[in-house]
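These notes are about the structure you will find just below.
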Amino acid sequence: MSRIDGRKNNELRPVKFTRNFTRYAQGSVLVEMGETKVICTATIEDKVPPFLKNTGKGWITAEYSMLPSSTQSRKVRESSRGKVEGRTQEIQRLIGRALRSVVDLDALGERTLWIDCDVIQADGGTRTASITGSFVALVDALNKLKEEGAIESIPVRSFVSAISVGIINGEAMLDLCYEEDSTAKVDMNIVMTDRGEFVEVQGTGEESPFAKADLMNLLELGEKGNLELIQLQKEALGAIADAIENK
Amino acid sequence: MSRIDGRKNNELRPVKFTRNFTRYAQGSVLVEMGETKVICTATIEDKVPPFLKNTGKGWITAEYSMLPSSTQSRKVRESSRGKVEGRTQEIQRLIGRALRSVVDLDALGERTLWIDCDVIQADGGTRTASITGSFVALVDALNKLKEEGAIESIPVRSFVSAISVGIINGEAMLDLCYEEDSTAKVDMNIVMTDRGEFVEVQGTGEESPFAKADLMNLLELGEKGNLELIQLQKEALGAIADAIENK
Amino acid sequence: MSRIDGRKNNELRPVKFTRNFTRYAQGSVLVEMGETKVICTATIEDKVPPFLKNTGKGWITAEYSMLPSSTQSRKVRESSRGKVEGRTQEIQRLIGRALRSVVDLDALGERTLWIDCDVIQADGGTRTASITGSFVALVDALNKLKEEGAIESIPVRSFVSAISVGIINGEAMLDLCYEEDSTAKVDMNIVMTDRGEFVEVQGTGEESPFAKADLMNLLELGEKGNLELIQLQKEALGAIADAIENK
Amino acid sequence: MSRIDGRKNNELRPVKFTRNFTRYAQGSVLVEMGETKVICTATIEDKVPPFLKNTGKGWITAEYSMLPSSTQSRKVRESSRGKVEGRTQEIQRLIGRALRSVVDLDALGERTLWIDCDVIQADGGTRTASITGSFVALVDALNKLKEEGAIESIPVRSFVSAISVGIINGEAMLDLCYEEDSTAKVDMNIVMTDRGEFVEVQGTGEESPFAKADLMNLLELGEKGNLELIQLQKEALGAIADAIENK
Amino acid sequence: MSRIDGRKNNELRPVKFTRNFTRYAQGSVLVEMGETKVICTATIEDKVPPFLKNTGKGWITAEYSMLPSSTQSRKVRESSRGKVEGRTQEIQRLIGRALRSVVDLDALGERTLWIDCDVIQADGGTRTASITGSFVALVDALNKLKEEGAIESIPVRSFVSAISVGIINGEAMLDLCYEEDSTAKVDMNIVMTDRGEFVEVQGTGEESPFAKADLMNLLELGEKGNLELIQLQKEALGAIADAIENK
Amino acid sequence: MSRIDGRKNNELRPVKFTRNFTRYAQGSVLVEMGETKVICTATIEDKVPPFLKNTGKGWITAEYSMLPSSTQSRKVRESSRGKVEGRTQEIQRLIGRALRSVVDLDALGERTLWIDCDVIQADGGTRTASITGSFVALVDALNKLKEEGAIESIPVRSFVSAISVGIINGEAMLDLCYEEDSTAKVDMNIVMTDRGEFVEVQGTGEESPFAKADLMNLLELGEKGNLELIQLQKEALGAIADAIENK
């Protein structure tokens, strides 16, 4: 029994990274996972939040937003409401943690990397696509810093990517699209490094609690998906990826 | 003496409309004017603001936002600040007025057209590009409504576009890029219809007041620019444009 | 065919400036244009916004507000809503630009002039009356600074005033009252100096686009109105006006 | 030993009520107590807050604000801050309670009286002047309602006024101006009716607690001041005052 | 005729102070007055608000909040609304003034005492219980400062407590519970020191103005209640209370 | 090698549930896990959010807050800041999901259960303690509803509890206190039912990614802890727990 869009249960949607998508941020990537499209940018600022002043350490902070027209029914703009939703804040914090986990903040020096993830079309998995795409933008930005001679090498310890998995009609599936996501009984986001380690595991069975066996299946699917994504990140980054790996 | 980018004083930057840029809004256009790029979408909602209830009339409301990474130095996200800037509100109001001026709101019926202009790259003239691009998105959305049989014809009375003009080093120039805009002594935005009428004229000489003769030159340049833009809108819309003109 | 209040099309309403209307601000003027009444004050603060620190330059910033009881049906207080409306912000920005255009900010030194325009009765034209009245308050405040020996002369390059014009029932009219304003097809605010130059031209034909000939008529009317207003400002300021002109 | 402005300890400042100060609110009074000047208006709205719907009862709600230029050093506008200060809310609640205490809300019917107190010049005692002036505006508004035939008589049970008293240099004084107020060790606001009853008594000895004997002296002074103020309200209202008293 | 809960008109509800109720604040007291329960804490911070910098003086600031579940019908959380109610601000200001009136802020040095009053169960008199309980927490916090050698003695000039009184069915009653409070025609909060002086007197007769004789009765009742409360504070504080009195 | 407080790695801190802690909410529980103390209440409201109107289904919504004095250094009150932090929103959403996962919302009928978790003392694990304690409060509230005859049985499908686990100095530990939590390299919150199923699994390795083997150890520890907690919930609820299990 195949999926809505004909994929196999353990198959990713087509993935595409367009680097240098816009021109002002040091890193700018349009990431597409099927119909989900997110502009991920990385901007370097030469100062850090107050709690890091004079520590020599850098910081990474992420913001996430959906264009009102990105969803099937128009979404109210958060700036019009005057406040940022809980869901948005949760996602922003997740992206920030994921990227900080693989960057050597000491080697970054007293700089802030601003990561902006702006969803222009949402078909499920926007938070995981944001992490996967932002990592590429972040590497591009750090590479520019290196080329300018501000740092000696790109201070990245591992590659990082993220993917969603879930259980739909009793079957574990990889990389859920919106329609699948809204019928999933269990929904999990898995963030991993290229060394096969976990950075973040978030699974929710609001509709129905899940057994340990389900959890094991989902972890395995997530591992497969992330390894494929990281391979694609490496291809997109080409020689820069090699420089990181051979460090 | 030619301009920064080699254009003549009365020359537009390259203009490009990409229709159906995203998939959920009824109208979705990426408009590019040189390096300025704005996603303009039009979404139809089957209700109107309270002041129009039971009047049979429709409404058009516009929102405008710049992605943080769209500008040369990263712009703070308005949702993070918790409030919409004065400049943004001014632009939103301008776009809304411009589009309402050419739509027959009675024929639209009790519907709201939500126009969203999200700037992904800003090199001057984002507000005028937003008007020019939104008009195309709006026609696409209205055309869908017509195809669904909800309205008999596209309730648009005229085409509308907008362009900036200004005086730099004593010379009147058309379609200012960011660098020109920031050195202009006089800066004017002109919104016009395909009948050569004015919808909005906003000229500011904050740095130095300007003479009537300057105003006349600027109006003429603006007229030239708008007529060219409207011609490009018509080409982009093809047969749908014809349907409007022959009404 | 005469107007609602019997005026001729090119006639201003009765104008009155009451200087020293309140006692704490350095400049305080009640300006009346017919039934429109605005308290305009200018307060000098010995510091500038961050972007001007250590530049030796001064700044002028304006705030505008309507008392809840100033309008025909009570207006909700913006402080109660917790946010400033788009219209208010637009007007504040306009007043600030108009005044800055005629003041030598270098000669002002590192000081901020706070302009407050509080409408106590609104019968159309409150933004233009605010500009016209604020200019008088600003001159009074600068004159005090001069009398205290803080500056050598009043750093004002030109007089500035503003007036509304519009097209009602096909006729161009000067200085619209509220009832006229709400039926006008075209509405324009014109800010000018005593040298006959334009500082700001804002014309809107939301209800119906307008021809170039209309625009020409409106500009001419506006010119006439502003020259009369500036004459009245000079009379109100007496010897201080002379000091500015003979500079 | 006389006071800063030469008054006796038990003497009010000159009091002046200007009725019909502005034209749109049903009641509009400029109240002056020495250099303290407040525009008090009363606007009638034909609906009540949710908790009174279908009870047949009316409501009175008050808002208070100081113009930025009303104080010796410019006060930041509450709408710019985005929130109403604690002091403002305290005063608004006080004015509302004072007026509700003397109005028959059942006889008012399902209407809201909006009281707006906008201070245009502040020299101490703005909250008490607001109560005293608002009462006159409220009576004017209710009288209009009566003249329109909407109510049979003015539903006011008593006159109400308010005055400040305090202890300065060990002496009890009536109607403190700003300079006195800022050096007072004890500061009290007393709201009373024409029947000599208390509506509100608020005394604070933040700087130094006070003895019962002091309290007694202050109450007596406050009583004297309020009786004089109510006499002045009656004179200002003329025949309308008689109509209330003879009810 | 006895009261709802069988008390005499001049009788307090059972009072209980639990010191060291929580462990992190320097002073932490659960105060219970009948069914009213408030956690009062005092936290010392080694800095002062801007207006006191380099004056050598300290400050006391109070915050008050009710848990949503503290009231008979659940109260909306102020953080969810995004703003603090007028009533809350009024109470916070009252608590702050009351405590500051008895503390020698010069002797405190450049420190801020943060007082937090969090109502966990509300049965009337929460603001007065907050003052009475906070005083005990404040003394505990100051005592710790003394024990650490930061100050030589506890800089408290007097004890301070507060109680509500009111007129119900024509009778003056002490320490109103919620049910009494909601039927009271006159409601008064009285803050006093152990020397029998008044710090704050706030009486309101919104429902019906009150005579001077009523006021006298209420003041007397309040005096009785406060003296009893202060006795209980002294018992709760034991030897620390002695140290303050013998200073 | 034992832990800071002498516990074994797989040992919970002492747990205590005080039911009926306050009197107005239908369910009110003080939960203590070592020095972490949270007041959890459940209030029933007879209406549902708009998206559930006329569906016959109920809803559960949770709010979480920390008293300013609950933490080692005083925490700024969210109501004073005017906004709810991202961390708070994340926790509120988590508590809500956890409780909804075990309640039959159809059987609840069109009612909302408001869960309030107010932390009065925080020593790590406040979000998990909130879930564990809230479940007991929720059962108490539903039991009252049953006793009133509004529902036939308590619509709870499973017991639910939550616990934190983490890796400190390379060792997996159960129920982290604050000091342990702040040095943990991996931190995980696990929400489970009495059937040994997972409701939510949230693991974060911000400081250092973790291997699958670590994840397995943590899941096992979490399972042990949750089964013990659920046993304690059952003991606290006594006969009511039996009624749920025998359903």
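Per-chain residue numbering starts at 1, and chain names A, B, C, D, E and F are given in the order in which the chains are listed.
Heads up, the rule we're going with is that contacts are C-beta pairs under 8 Å (C-beta built on N, C-alpha and C of every residue); 3 or more make two chains touch, one makes a residue touch a chain.
Nothing here was measured: the structure is a model prediction, and the numbers come from that model.
Q: Find the pair in A-F, C-D or D-E that has over half of its contact pairs, by residue number, in common with A-B.
A: C-D
Q: If I average the CA coordinates per chain, which chain comes out farthest from subunit D?
A: Computed centres place A farthest from subunit D.
Q: Per the centroid of Cα atoms for each chain, what is the distance between subunit D and subunit F, given in Å?
A: 52
Q: What whole-number Å value describes the gap between the mean CA coordinates of subunit E and subunit F?
A: Computed value for the inter-centroid distance: 33 Å.
Q: From the mean C-alpha coordinate of subunit B to that of subunit C, what's the distance rounded to whole Å?
A: A distance of 29 Å separates the two centres.
Q: Two or more other chains in contact with one residue: find those residues in subunit E.
A: Counting only residues that touch two or more other chains, subunit E contributes 82-84.
Q: Of all residues in subunit C, which touch subunit D in the complex?
A: These residues of subunit C touch subunit D: 22-25, 28, 35, 37, 39, 41, 43, 45, 63, 65, 67-72, 74, 77-84, 88, 114, 116, 118, 120-121.
Q: How about subunit E: which of its residues touch subunit D in the complex?
A: 83-87, 89-90, 92-93, 97, 100-102, 158, 188, 192-193, 195-212, 215, 219
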